[in-house]
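Chain IDs A, B, C and D follow the sequence of writing; residue 1 opens each chain.
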Amino acid sequence: MKALLWVPFIVVPAFIQSNFILSIFIFSFILAIAAVSFNLIFGFTGQLSMFHSAAFGIAAYVTSLTASIFHVSFWLALFPAIGLTVFISLVIGSICFNFQLRAFYFAVITLAFSELARLVILNWNNITNGTLGLMVLDKPFVWIPGAGLMKIDGMFGWYFFSLAALIFTVAVCSLVLRSWIGRCFAAIRLNEDLAQTLGIDTFRYKLLSFTLANTLAAISGSLYAFYTGYIEPNYLSINQSLDIISMVLLGGRSSIVGPIAGAFMLTGLPHMIELSAEARAILYGGVLIATILILPQGLIGTLASWRRAA
Amino acid sequence: MRRLGCMVAALVATASSPVAAQNIVKIGQIEAQTGANAIYGYMSSHGLALAVNEVNKAGGFKVGDKTYTIELIASDTRGDPKEASIQLKRMLETEGVKFVFGPFLSNVFVTVEPYAKQFNGKFLMMGGATRIHDFIGTPEHDFLIRTWNWDAGPKGFGNLMVDRLIKETGVKKIAMLFQNDQGGKVLVDIYAPLFKQKGIETQLELFEPGTKDFSAVLAKLAAGKPDVLFPSYSDAYLYDIVRQSTEGGYFRKFFLVRGSLGPGLKNKDEIDDYFVYVPKYFEQAEKTDPKVAKFIADYKAFYRRDFPYDQAPLCSSSCYDHLFMLIEAMKKASSVDDVARIRKELLSMTYDGLWKIRFDEKGEEIFNFDVVRMKRGGQLSVTSVDVE
Amino acid sequence: MLQLLVGQTLNGVIVGTLYGIIALGVTLTFGITGIVNFALGEFMMIGAYVTWYLFDVVGLPFPVAIWPAIAAAAACGFAADQLLFRFTRNNLINGLLVSIGLISIIEAAALLLWTTTPKDMGYVLSGAVRLGEVSIPKMKLVVFALLAAVMFLTYAALSRTWIGKAAYAFSQNPEAAMLMGVRTDILQSTVVVYSTALAGFGGALYATLYSLEPSMGGLYILKGVEAAILGGIGSLIGSLAGGIILGVTEAVGSIYLPGAFRDAYGLIFVVAILLYRPSGLFGAER
Amino acid sequence: MLLEVINLTKRFGGLTAVTDVSLSIAAGEIVGIFGPNGSGKTTLINLIAGILAPSAGRILWKTAEIQGRSPHTIAAAGVVKTFQNPQLFMELSIYDNVAIASHLQLRRRFGLNRVTELLPWPHASRHAEIATAIDRVITLCRLEAVRDRTAASLSYGQEKMLGVAMAMMCDPELLLLDEPASGLGEDEIRTLEEALRDLRDAGATLCVIDHKVDFLARIADRAIALQQGAMIAEGAPASVLRHPRVVEAYLGRQHDRA
């Protein structure tokens, strides 16, 4: 029945023609993919990874560079991106989890690795064009029964394309989470020693969570690059990670829906409330703090617990 | 709140038709007012807001027999292409803005360019981003007007500056030290070939934005025994670079095409030669030119803070002038929305405001500038260079 | 080349102590309250700007201007502790995120007050000491001396005074310490405020060396945390050593390798150390 | 022999917690290990369960050396321990706690077929199978009444039973119980005893640690006495309790207290 929740999203474009609003939706969808996947490792497995924006950015670069250099389609270019992300995640993950790095250390080491990734992309000028970034001009094609091969261009195409990607992500996450894998994630989050004595290979499942999260982030990154049509090293910046974290916190880290709501809030609200730049920054910080201190469950989480209480 | 209103309006199917209010000219601005690369955008937003306030305080401006006031929609892009592209959509479609100021940041510009192109002929974009240079004058890009002097090219000041430097100092080898960001990279791409072609040897070092201690890089560069240092483009770093160069005895000669005279004056007794490009040397002009004096006074009054004499006024004053230029053009075209005519008028006029500004046929801005040269002890020689 | 190496090593040591003072704050806060205060860099910024204001605008002599600066940073620290950090004790992740929210607030406030235009304070002491080819600015030597002094005083205080002993006991075993009659809340607030005061002091000295912008804090806290981890969280000498190692790595690194990678050299070092010795160089083996 | 411990020694810096202990456990028996606090009981089973690595000596599980292996591999091999003060997933319901513990069963029964659980239409039969197993254990441990309450809301006795239940859910061949009876009331101890017997009848081998001698005497087939990390007596519970060194080391002190 949860599937019905998507229906409103599918009918939205029928009522809204404004590109301004639609683009907010599209960005929200794409960033929601990143947020939902980040919540796999953060909210459900309890590890604060700062590598998320790196996975997002690396994939963005690999996909668009492959597409432009070898003149292959978005879909083909996606494979090396995902492949590389998986590889990197496995390497970094096994380093971190092998050494039993605790919460703070894990955060710092992953942060260090993502900064290194950013610096490499920043200074690898002849490939990445350094700080000037690259324009991504070609668009993905999809085959639609009846319509045949269709180029994803313009608002409606992107709207449904990114929506589909988000639905896919949510489906993957919910299937994984309701399986034994999800139970293992929970066990790791709640009590790692106990999980061990119950025969759960915590190393393997942490690694799985880390890799899966980064892979989905990679998808979101590639979409982002092809939608905005521009990539720059800032995609890997710490602020990008912090934005994703804030989305998860605002929406709530205990559910899949939470991060989606968070993504919409953080992407949409700044454009609906007229504020000076400074005031906006202050409000942002204030809201972030307030959520952590007053609604640690996040918005959705709190609503849910109210429903349960009522 | 008003914006929530138009969100609702947008949500109700008919959003795409712009809500044009009576006797109001909407001006949009997309600049980074916060974030790492905010320094240009932040000040240009100051300049434009100041100008708009002046126009409206004076009761607006007359075009034909109607009097118009200006509504400024300035949103903060934080230098994030995503934000900018959303904001531009809002301005052009929901708000029906016809004149957009900015962006100064190239990454923002290249992101919005494909979208803006679709509105070619329906609006004007007056931005300072260096990458605009690659598109301006090409088909479908009549909406572009570049509001900043361009280093490269025959009319560019880079050429003139380097010639002057060679003539006056006989430099043989120059060391370049830039932050590793958009601006820095652009300067390298422009000036490295320029020096090469004029037979000057160059050394290059880039540094991470945010660096404050340069002694390592400076020492490294100085080891190559260059005559002149060509440092950064932002006072945020110039103060530190100049001080550390002189204190450490690494460099005593500097060549600047961005940034202000401040760092030089501060270390005047340690410096042999401080060669700086200044679109307008405000400290002097304030005394001689009443317009500049008024501008500085208004700025102080409006923002209730003293006037920043670094590179910032360049942005603010240029945007300030550009608004009055635009109004001028509207009057000449006797229309506030016939974009094509207004553009034609803009390109054909020479505006004599804080600066003497005109555009070439492509829409590239051309303004005269000053070369200020400071010798040891701080005595200055100001030469204004006429680009023509 | 040798002079270059020697000179930059010395310079790295001095710059490192500035990282060290922040690292010291990080270590203390983490040891006693179990959180990492990422906003420390902002308190440094506050200290720096207040010093600049009092010295340049008001015209107080530097030795006088420095005290209100420290006080201001400490006051803000106290407010932040009472309003925010009090509720995130021993909750690492929440503490982290609250301090990140605080960063964006303080930075925006600084932007309102002082704009992006850089402020370069008048020189308290200019010129440099030259030993052969090697030259070191006088002010840097002073800063180094002051910072080192403060850090060793802190160290001494923690090993002599009652509050210091209490703090140490607490960081070792909270329950036992409380049984010994240590007032947890007071102790924790004291430490948080002290660390912000340290940051303010660091900022005041920073202002004598470098120009100021509202965004200066963000960079320094990262270095501070790196240094603290390098030296080993919980070790006071470690935080100084970590800072110095970081400073030297960066200075020397950018002589032989591209300066654009400067920040990477430190990071690689941190990763390497952590993998080789998770408790840091001076941290107690766990 | 199911499990053989040979000359096992564990040192923590200066002090030696377990000194040269050798013992063996045969399939199907209930072995009781007792000794005063600090006699190295808990260290011993932590060594067997792989939570600690021995300083010297060998542990043979079905003739394979397992000393120093990670806890989860040993658990997977069939040796599962409970904690003295119960470790639980406090936020979750009793059912979910046990469900997480079904990890190993799932692996044993279905191996890689588990991946079909990832399909949108999961294997109904499999779910039923595991669900019944979970309910069986919950009933076995007398927890059916609180099945859907969160672990945090349980009484201490129930917490301990839940600990046992989770261990049982791993269907271990050897179950190591660390002071299951400590802190329990008499009737709770009775329930525990019944549960343990049922478990043994279900084919598991048990190794119970406790200092409640009478409790051990009732359930254990064989008893082992530890003192300061060394084994001082072994045999039928009754005879071990009468062993002079045990009386002197352990009961002796009890008599003093009395």
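The rule we apply is simple: a contact is a pair of C-beta atoms (placed from the backbone, for glycine too) under 8 Å apart; a residue touches a chain by one contact, two chains touch by 3 or more.
If you're wondering where the values come from, they're calculated on a predicted model, not measured in any experiment.
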item	value
Contacts common to subunit A and subunit B (chain labels)	C
Partner chains that subunit A and subunit C have in common	B
Chain centroid nearest the full-protein CA centroid	A
Most remote chain, CA-based centroid, reference being subunit A	D
Cα-centroid distance, subunit B relative to subunit D, in whole angstrom	74
Separation of subunit A from subunit D, taking each centre as the mean of its C-alpha atoms, in whole Å	42
Rounded Å distance between subunit B and subunit C, as computed from the means of their C-alpha atoms	36
Whole-Å gap between the CA centroids of subunit C and subunit D	50
Touching two or more other chains - residue numbers and ranges from subunit B	34, 42, 180, 206, 208
Residues of subunit A whose C-beta touches two or more other chains	119, 122-123, 277-278, 281
Residues of subunit D touching at least two other chains	none
Touch relationships between chains, expressed as pairs	A-B, A-C, A-D, B-C
Subunit A contact footprint on subunit D (complex, rising order)	49, 51, 70-73, 75-76, 80-81, 83, 87-92, 96, 99-104, 106-107, 114, 117-120, 122, 166-167, 170
Subunit A to subunit D touching residues, read off their complex	171, 175-176, 179-181, 183-184, 186-187, 190-191, 193-202
Subunit C-touching residues of subunit B, taken from the complex the two chains share	34, 36, 38-39, 42-43, 180, 205-208, 210-213, 215-217, 219-220, 223, 235-236, 239-240, 243-244, 247-249, 262-263, 266, 305, 308, 310, 312
For the subunit A and subunit B complex, residues of the former touching the latter	15-21, 23-24, 27, 119, 122-123, 125, 130-133, 135, 228-230, 232, 234, 267, 270-274, 276-278, 280-281
Partner subunit B, residues of subunit C touching it in the complex	1, 4, 7-8, 11-12, 15, 108, 111, 115-118, 120, 123, 126-128, 130, 135, 137, 209-211, 213, 215-216, 218-219, 250-252, 254-255, 258-260, 262-263
